[in-house]
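Got some structures for you, see below.
Each of the two complexes below includes subunit A, the first together with subunit B, the second together with subunit C.
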Partner chain A sequence: MSKGVAITGMGIISAIGNNVAENYHALINGNKGISRVKKIKTNHVNDIMVGEIAFTNSEFEQQLHLSSDNNYSRTAFLGVVAAKEAIKNAGITDINAYKTGLVSATSVGGMDMTERYFYDYLENKATQKYIEGHHAGDSTQKIAEQLGIEKSLVTTISTACSSAANSIMLGARLIKSGLLDRVIVGGADCLSKFTINGFKTLMILSDTYNTPFDENRKGLNLGEAAAFLVLESDAVVQAENKTVLAYVKGYGNANDAYHQTASSDNGDGAFLAMEKALKVADFTPADIDYINAHGTATGNNDLSEGRAIIRVFGEHVPDFSSTKAYTGHTLAAAGAIEAVYSVLALQNNVVYPNLNFETQMKEFDMTPQLELKEKPLKTVMSNSFGFGGNCSTVIFSKEQ
Partner chain B sequence: MKQVYINSIGSISGQKTFDNNEFLNDIVDYEDNVISVIDPIYKDYIPPAAARRMAKGIKMGVVASKIALQDAGLENVDAIITGTGMGCVRDSEKFVSAIIDNDEQYLTPTSFIQSTHNTVGGQIALELQCKGYNFTYVHGSNSFESALLDAKLQLENNEEHNILVGGVDELGDHTVTIHKLINHIKPHAVKSSELLKSNSVGAVFAEGANFFVLSNEKQASSYAEVTAVKLFNTLTKAEITKAATDFLAENNLEVSDIDILILGNNGDIEHDGYYHELQSGPFKNTQQVYYKHLCGEFNTASSFGFWLASKIIKTQSLPESVKLNNIKQASFKTILLYNQYRGENHSFTLLKQC
Partner chain C sequence: MNTDFYIKSYCRIKDNTVSLNDSVLFNDASKSFIDFIKSAYKNQNTKYPKFFKMDNLSKLAFLAADVLLKNENLKLENDNNIAIVFSNRASSLDTDRKHQESIQNKESYYPSPAVFVYTLPNICIGEISIKYKLYSENSFFIFDNFNASHLLTYSNSLLSSNKAHEVLCGWVEFDGENNYEAFLYLVSKTGTIKHTEQNIITLYNT
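On to the complex of A and B.
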């Protein structure tokens, strides 16, 4: 298990951009993608803000040259767009030249169509094509088909808001074990009435711009997004003389085992995930240059995560920020979105500002990075936590 | 690299499988196109108040896990890996219909929370207070096999010692109704024992939970060794035979080494052809077994096949009710499982006596 796991390509679509370059441009210029929801008809339109992607489903249909009888959910559209960019970015022309698998993540899956046609299915035959598109594995199968991945290992992870971090983890394990040479990993989730109303009942949606790690934070903004990374083995990198963007150096997953939706006061699960990731990377806390925090801007997450960070890093907490103020919380995709941002941080030696912060939290004195900061970065830690107590940490590094 | 053993099992299915002292002694022959599980006495395992609050999938998952832990003589495990095609689908249905029926008003969070796919895995962790690795795979008919593969990799590399692995899915009314509309469910009631003679499209839908403790430490009570598992997102009928024999070759085996072939036939005339390729091809002289007439079809039904294989190897007995043919067999040492659903997400799994 000593083999390296190289990242050789990335693709992303989010509320702050339709590709990697646009996302990076928004990140360094402090441009948020948060607004009132436009594409979903909801009574809560004036009570919430979201990170929505501008393209409509029919625009995606055209971009992907799909016939009108397709049964793509919006999750599948987003996933295909991001995965295709990642493949292109990695310079892959023959996907089946190496043993290539796909690990995607989603929590919403085809729920956007299910909630639209839930009762129509019973009467309108034309809508019934979406029934098969409901289950979470469907968008992954479609992404595999669009990438030309056949007769291979294709699977989907759904551990709520930590899902895509876990895809990266499984992908790294599959390469280290030698089972696959190349794994496309990531996640996709679209906005839906289901998640808007679900988070609304939990009373953790902010009615304004989300403010991670701020004393007066009011909750999260939901976002939609997809991101994928191409992971390749040392052998492929050598054989193809590939440019390596970064390495997946460490990863850890733990369960808080505290509550179905809330994090424990001391962030036990988060603490364990970070500790495990450091151990796999063979790093000490001092080796981490920047933490891209989960930082959803809910009262519970930011307190619990902050305390866990202090438990791991003590007096020497590295620069940290949450990028949720840009994109909103993109649920199952978040781990992949922030993996792309972490790699971009490494490539460009920048720490992104934690937008919208005004007031220091009372419970501890660590403050997120508030301005764009340029400094040499060797390593970035990325956290993703979810319902069901699921806590995940991935560490990216410049060097193998 | 360490070997991986099945150290215990826990099954809740359409048959009375929750009692590990029995092995399909009394078969329930249904006549339906949807089958629910035979419930164990849940309050023997979970406090009644807690059980009432739990979704069916959670209840089945938690109790099947507890049966598996008892069977392994363990208080806890290092990690929990769950496969589920649809998660707690009844709560998903409930929340969607509540949103529509009440125009986004008067909603409560319970069904939203339980609808999250990893709720079963999370609840098992809560019950056991297991803070270890916890993953949930949701990839159609390869959900359970994904969990199995993940566990196998970690045990082989000695990252963990005991991992709880399972497959769980529950039936939901609306899901059943709409799958009848698109003919994924058989249009008529079928007698379980005559499933393969139904001559119709679709499957008999069902639910269930099958959990196992996998370990890299063999114990006296171990059931079998998991030698290999391989997943394919696509395969054509023409490619099945080669995929099967290649899989055996990768594991240094030949067709003649296989004592039993366990197949996922569900009586769907449009898709059982994949199984027929193996049945009438290289494995025609191999003892063939099927099981979906007993447990029905659901995304993680193959975990029942895995349960069946474990039982056969440990007890060295083969119930009459699962035989597809009759080949005299002195012992059952090596079992190959093959499953797919509607032509997608195929898997081969290999178990050996240990």
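On to the complex of A and C.
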């Protein structure tokens, strides 16, 4: 049994950068990655904005030295890039030296290729390779192959927008229970017509830059991204004399039990997830220094999450902000993206600004952090809430 | 880790048959899945109109859970801390295809919000949670095959760390009319069947 769950490596690719350093640079300089969609031909091009990654699929192919007969979806490309950076960052040279598992989250999977070739599959044999790449587990398998993880726990979690937070949680529990020594956890999701059209019909896509926690918020921007963290047990950290970036201190998951796609008015699920995470961490609300909120900038989420935060923290709400204005909502990857941002916040003692905010919400008087703020941070709470009522909270700390 | 847990009850919907603890409750071999599940719903006196707007995977998972949980006589006014841990192979593929067709059809382009909301496997967990007021931990895993070992470890961990009092877990797969199967079981601190990998596999295969 391992008491602590150490984070010893991180990797990320998002609309604001192709690695951890680039993402951090954009975060502290307030550079957002939201633009008109370029790589997907959609009728909605002028109605929506997205967080898109600059590299094309063929550029990824070259970076990863893949032959042209590969059947990688964009989700898999993103996932491999981020996972490889995490392994390198953790200084891992022999991945199988310890019992190492992989828990990867996705909701889009290989949908991008399916929608591109759907009607060609019957006639065009060359496109049929992408059928195998469609399912949610395929990108996970490809990441495992690329990392050389053999004969160990390799699994995919799909619980909508809380998926990656649940990957972190499962990884932490696998280490605590002693089942694995090391777990690579995170998630990947690319943009697709599937999600663009789906979220559009739900009428929760903004036609301009998303504005989390603003009274006049118009909805979310979809984004694509992947991020992975290397979690290691106390024993591995000791044996290898590892530098620990931060610890996974607490985690909680609850169901909102309210609606398939909407959060309850008082944020019951969010409230329970935060409470449970505090309990696992053995923290009181006063121990939290910064909340990286889910803050999707939909009318429903920000109100529900805000109310839940007030229920947990009362009069003493810590500094909070949503980084969705930088990256867009990256769906199943969001929990991992924001885990990397939370660890960076701890390492650098900064609270990121909640961009694009103009008008105070009328339902409550708490205001997100609007400017970059430097202050000593010991703990960061990160929220991720998904369709199906799946609500998760993870707490990161500097000290074990 | 304490592993002194039991399989309290189990439910299966497969081959146009609904069974609870291996007693057949309902069978109608003559029907397509859509008609069969509707007849089963009526036969089981489920009385939950939201059932009719669910997608196939949710209908399947919901009905199996409902048959099993109804038998538990839960008091809904109490907080029932029953975690839900489901798994399958095809995720929400059946509904994904419907949404996909609706956005690729140039003549009648209409992505429906009512379809899109079901394009995630864990929505069926939400449906069960809404009905039974379960504010509990829940996860949906994707595996190639029924993975008794993972479900066992995960539910034991939830129970022994007191994150849940009971765990509703199992396999809910819907990948087309002729390829569906629900096998759910309730893991508890009381019961007669020991919660072991072998017992889970035996129940799943019988």
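Quick notes on this one:
Just so it is clear, the second predicted complex is superposed on the first by the 398 of 400 C-alpha atoms of A that agree within 3 Å, B and C clash if a C-alpha of one lies under 4 Å from a C-alpha of the other, contacts with A are read in each partner's own complex, and residues count from 1 in each chain.
In this text, contacts are C-beta pairs under 8 Å (C-beta built on N, C-alpha and C of every residue); 3 or more make two chains touch, one makes a residue touch a chain.
Because the structure is predicted, anything quoted here is derived from the model rather than measured.
Aligning the two structures on subunit A places subunit B and subunit C in clashing positions. In the superposed model, A:E85 lies in contact with neither subunit B nor subunit C. Subunit A has more of its residues touched by B than by the other of subunit B and subunit C. Residue contacts after overlaying the shared chain place A:E224 against neither subunit B nor subunit C.
By the touch criterion defined above, A:I149 reaches subunit B but does not reach subunit C.
Shared-chain residue A:R173: touches subunit B and subunit C both. Of the two partner chains placed by the overlay, neither subunit B nor subunit C lies in contact with A:D302.
In the superposition on chain A, A:E52 makes contact with neither subunit B nor subunit C.
Of the two partner chains placed around the shared chain by superposition, neither subunit B nor subunit C is touched by A:D319. In the superposition on chain A, A:Q128 makes contact with subunit B only, not with subunit C. Superposed model on chain A: among 133-141, 241-249, 277-285 or 313-321, the stretch of subunit B in collision with subunit C is 133-141, the rest showing no clash.
Across the two superposed structures, the residue set of subunit A contacted by subunit B and also by subunit C is 107, 109, 111, 114-115, 118-119, 135-137, 153, 155-160, 166, 170, 173, 177, 179, 193-194, 197-198, 200-202, 253-261, 268-269, 272, 386-390.
Listed in rising order, the residues of subunit A touching subunit B in the complex are 1, 42-44, 102, 106-107, 109, 111, 114-115, 118-119, 121-122, 128, 131-132, 135-138, 140-141, 144, 149-160, 166, 170, 173-174, 177, 179, 193-194, 197-198, 200-202, 253-261, 268-269, 272, 386-390.
For subunit B in complex with subunit A, the residues that touch the partner chain are 80, 85-87, 92, 95-97, 99-100, 103-105, 107-109, 112-119, 121-123, 125-126, 128-140, 142-143, 146, 149-150, 153-154, 156-157, 174, 177-179, 181-182, 184, 230-235, 239, 243, 299, 344-345. Residue ranges on subunit A touching subunit C, taken from their complex, read 107, 109, 111, 114-115, 118-119, 135-137, 153, 155-160, 166, 170, 173, 177, 179, 193-194, 197-203, 253-261, 268-269, 272, 276, 386-390.
On the subunit C side of its complex with subunit A, the touching residues are 1, 84, 89-91, 93, 96, 99-100, 103-104, 111-113, 116-127, 129-130, 132-144, 150, 153-154, 157, 163.
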